[in-house]
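Multiple structures are listed underneath, in structure tokens.
What follows is chain A paired twice: with chain B in the first complex and chain C in the second.
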Partner chain A sequence: MGILDKKLSLRDRNKMLIGVWEDEDQLVATASKLVHAGVHIHDIYTPYPVHGLDRIIGARRSKLARIAFFCAITGFTLMTTMIWYMYVHDWPMNIGNKPVRFTPSWAPVMFEGTVLCTAFGMSFFFFWRNRLVHGIKNETLDIRQTDDRLIVAIETVAGMDEKAILDMMKKGGAVEMREFENGVQTVI
Partner chain B sequence: MIHDSILRDRLVTGDKSASDVTRDIARPILNNPTTSWKIGFTLSLVFLGIFGVSLLYTLWTGIGVWNINKSVMWGWDITNFVFWVGIGHAGTLISAVLLLFRQKWRMSINRSAEAMTIFAVICAAMFPVFHMGRVWVGYWALPLPNAFGSLWVNFNSPLLWDVFAISTYFSVSLLFWYIGLIPDIATIRDKVKSKLGKTMYGFFSMGWTGSTRTWARYELVSLILAGLSTPLVLSVHTIVSTDFATSLVPGWHTTIFPPYFVAGAIFSGFGMVATLLVVARKVMNYENYITIGHLDAMTRIIMVTGTIVGIAYLTEFFIAWYSGNVYEQYAFANRAFGPYWWAYWSMMSCNLIAPQVFWFKWARTTPWFIFIMSIVVNVGMWFERFVIIVTSLHRDYLPSSWVMYSGSLTEIGLFLGTFGIFFTCFFLFAKFLPVINMSEIKSILRNRE
Partner chain C sequence: MGHGHHEIEVKQEQFVFSPKAKRFSIILMVLGLILTGIGIATMDNHSENHNSTTVAAASHESHGEATVHGEEHGTAASASHEEEHGNVPNEKFGPRVVFHHQDKPASTRIWANMLIVGYFFLMISLTAVMWYAIQYVANAGWSSSIKRVPEAIMTFIPVAFVILMIALFMGKNEIYHWVHYEHLGLKPGDAGYDKVLVGKSGFLNSNMLFIFPTVLVVIWYVMMRKLRSLSVAEDNATKGDSSFFKKSISFSAGFAVLFGFTISVVAWLLIMSVDAHWYSTIFGFYNFVTHWVTMITIMAFIVAYLKKEGYLGIVTNEHMHDLGKFMFAFTVFWAYLWLSQYLLIWYAQIPEEMAYYQIRFEDYKANFLGNFFMCFCIPFLGLLMRSAKRNRYVLAIIGSIMIIGHYHDVWLMVTPGVFGTGMTFGFMEIGMLLLVGGIFMWWVFTALTKRGLIAVNHPFLEESVHHDVGV
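Then we have the complex of A and B:
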């Protein structure tokens, strides 16, 4: 598996059914029902984090914490090596006749370097994994999904009972429903 | 199921919907600047000009235009450095520490507090950088090979620790702030009408769509960054305090400095947050988002940290007496009753005595009074740094080195000028970016508990 999450892109998708919600609780309940009915929800777009939706759509637990730990170890090793090389190996400095070896006075620089490497390393992987790139074309299904609407996107597959799904969405409080095919949306 | 908490007041009042939040908070960005914004911004530019003139004069003539001398080699410059770095701590504290403690009231104030951190650290960095005198070789402070002109840096020196600590703090705070801004920049991208606006906000929103998968990872990355920033914020001011504590100067050589400086930083940082937000909530009509409850919570923290700082002042005095060290005893007696007694008692009045007024609910819930008190706190914290630095240095071990010190016009100009940098940045931030975190606020509208 590559680092980039390819599920985030809407390019080369089959036909999709789009449901628009105003109410978060109704959306969560309906999404849960749809998944229990065997429907595969491609993604849900919300203007704010709605807890529990990731589990409903079957998103896997993120490995970012492990990556952060790896970055921390890298930062710590880099800083320790750097100080040892400069201060002990290459040019030992006699300042106040203090010993030129590992001392607790190295700790602040080692700590700061570790934090810096962890924060930027983890964030870099976060951006990469989530297809967050400066200047990239945003693939929003609805301009209001960053304002006040919650959007459910269901990718259709052969043999799928689209009418039953649309009925479930309507009963579940969807205020609008659309079809999305080849970059064009049609109101149902 | 929607229900109000029986334990707490609503964090957002006025029965706001998600679209109301977008409309209210994005209003200053989507509309033309108001008259009050124009007046404030112009005034900030005037102060920025004062900074420019003072700095040019310093660089052109030399560091001798400051009144620092062989005894008081740190004067207004390092006082101002510690003052601004301290202010810079509240942003990360509000965002990181309160996030870890699941304090949802932080959501209305974290964005502007984080912005304040970044601008305050920029102001702080000006002073040690230009205090170097030959600023064009300032890069010698970085770990560079001997061939670049200096030796390898000294890893035993707290001044070097500062280089690493402040640059890391600035970079990580900027990253934390920017990651927090991405969803809101995307909201503005989808609202703004002008082509330039669409291009700029589109560029910085990085293609954000609000996907559930991204939100899950986003919350995790925010949590880990908060976990990293919390020890970072403690380390930065601890390291600033070791600039003093590792020296042998009476009045500086004390182990209480790290916790005392950290508490002082939070105290002064919250003072500045209160100054900014009491005005912003009124001028920008954010009273439903930054409620009296928020001001109440902030003033409680100001009171607690002010008391911690006050106890530290008294402990220093006690330990000076208890140590039996005549130099230490003299240094503290000189602080309180020597020629700079006025600075010491200003500090005690503003930092220890004045915040005790926040025991009273009226004081915690009256915006104009909180504004005045926040100014008092900032003045007091500036005096604290002045007292620590100048009163300890002006009476050396050798009476022949004893001198008096007061800031020159250039030093005063530089200090006032940093307010120009700070407020110019803040006004630009208030015009082009959402001052309140819209996406987080939308998530607490239902007041779930």
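Then we have the complex of A and C:
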């Protein structure tokens, strides 16, 4: 799986500090405090979108829209070329004595081709980017992050005051805290 | 961030119709009047052929020469015209309708333009009610902070309706050839007897022309008043009382269903019937979307203006972004319906369907293609990027093009059917748009001052305050 973004694999990163929340408002407030204290939050895993978190942890805008645009251009070009080759160049067809070049009847083909390429392209790139490819080992930090818990992951760096961060998380309403290193979790 | 589960307090705001805005509105009206005047002064005046007593007869003669079902249908002029374009319709349906705008008295242009502009603004105020109703039916929260804007737009229904009715009353004989045909009282076998128009006379008759729109507009108006009064009653009720909200949902659902079914009929009766032999089942919905996207653009303009003047403190760029998305989305939807109507008729090439597009494509080619360009190409490419939707200057430029484009779209639906060939989108058309646009602005801004700008007791107001479309 060399083509996949290795940086996203939690296994290959430094030790992680994991905090588990039940309440999203407390999570948002704490994440905000952590960021203001200068802590870099690796990611936050939530079973549903929590408004404001993306801005707090400084998530960059998804490139998915740009990918969609280029997929659309590809699909549009592909279908225009295809219909031109089939319908004009290779075997011109007389349908109801209509002209063959750039007629309104091309529009549905162009439109459908554009939509098809965009939809498949976006799905493909989305799954690829998020490592949701068949054969990849599941790296869910906590199985409850797909159900009713909100998980914060902070990557430790040299010289980081881990104690202070854990204190802040505890005060901020974390119901559980753990360490994650080389694929092993230990409850603190 | 204010993400606690505590009650937020949103302050009520009172809009003041500033002298500057009043001046702008008056400038629009005066400019519109001047341009309309120039338009009237410079139009081809052929009324010497049509004094008031012979208007009907004279116009029918010229109409009869070329009309589809007349005895004289094979005139040399029209036949050679057909061959030039390589489109010789089936003899069974007769040749293409070829008549020139000089065949109608000059005053027709005034009434036809009044019809267009009245219909345009009537539909805009009606789609505002529809938009408002859909927000309730869909339980939409994000829009609750801007709901006073469609609430103000919808008050324009009576004014637009009066303009429309004057146009119908004054110009019905000239605008609608089926009204004119009705007065002839022809019997089967008479020269010029039109089986198609007789077949449609149960729906297309001059009683229907006045009664149907009046009844419907009165019903819609009453429901609109009810929705508006529920909204202001909610403001004055105790905090947390959601009974008005629930009642609004019921009324909105009723309105949405009624309006959705009946608006097509009005479009058929008032606009599609200028080409009375022609029909398109998608026409009503196409009309709805044309005005719907215009109304959203106007709403975005008003919200942006209020923001600029320091009102609507709780409305953020996120709301503007969503309005931009609405404009963009329905631009695409408009193009979808436009193409659906055009493509099927183009492919099938049935003469009585072709008549509508033939004149528009051959004699109004620049208008026809320019219309698609203004209503689809420019807004689609212009509003595609996220940053464009969040920039109010881009929205203003693209939105202005859209408003003119969709007004021109209605013009293109009516004019070739009424006048035949040789009309231009000129001073009078622009003048009428500016004139009624100025009245519209005055009326809507006055309506905005009548109640607070924020629906302070709306149950979803907090959701709107926190509305965020993400990075």
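Rule of thumb we're sticking to: the second predicted complex is superposed on the first by the 179 of 188 C-alpha atoms of A that agree within 3 Å, B and C clash if a C-alpha of one lies under 4 Å from a C-alpha of the other, contacts with A are read in each partner's own complex, and residues count from 1 in each chain.
The definition used in the following text is that a contact is a pair of C-beta atoms (placed from the backbone, for glycine too) under 8 Å apart; a residue touches a chain by one contact, two chains touch by 3 or more.
On a predicted model such as this, the values are computed, not experimentally measured, just so you know.
When the two structures are aligned on the shared chain, A:Ser32 is found in touch with chain C, with no touch to chain B. Contacts of A:Ala59 after superposition: both chain B and chain C are touched. When the shared chain is aligned, no partner comes close enough to touch A:Thr80: not chain B, not chain C. Touching more residues of chain A than its counterpart among chain B and chain C is B.
Touch criterion met: A:Lys98 reaches chain B and chain C at once. By the touch criterion defined above, A:Tyr45 lies against chain B but remains apart from chain C after alignment on the C-alpha atoms of chain A. In the superposition on chain A, contact is made by A:Pro108 with both chain B and chain C. Looking at chain A, you'll find residues 24-25, 49, 54, 59, 65, 98, 103, 105, 108 touch chain B in one structure and chain C in the other. Residues 24-25, 28-29, 32, 49, 51-52, 54-55, 59-61, 65, 69, 96, 98, 103-105, 107-108 of chain A are the ones touching chain C in the complex.
The touching residues of chain C, when paired with chain A in their complex, are 1, 3-5, 339, 342-343, 346-347, 349, 384, 386, 466, 468, 470-471.
Chain B contributes residues 1-2, 17-19, 22, 143, 146, 151-156, 158, 160-161, 164-165, 168, 171-172, 175-176, 179, 182-183, 186-187, 189-191, 202-221, 224-225, 228, 231-232, 235, 239, 438-440, 442-443, 446 to its touches with chain A in the complex. Those residues of chain A lying in contact with chain B across their complex are 5, 7-8, 24-25, 43-50, 53-54, 57, 59, 62, 64-65, 68, 82-83, 86-87, 90-91, 93, 95, 98, 103, 105-106, 108-109, 111-113, 115-116, 118-120, 122-123, 126-127, 129-141, 143-148.
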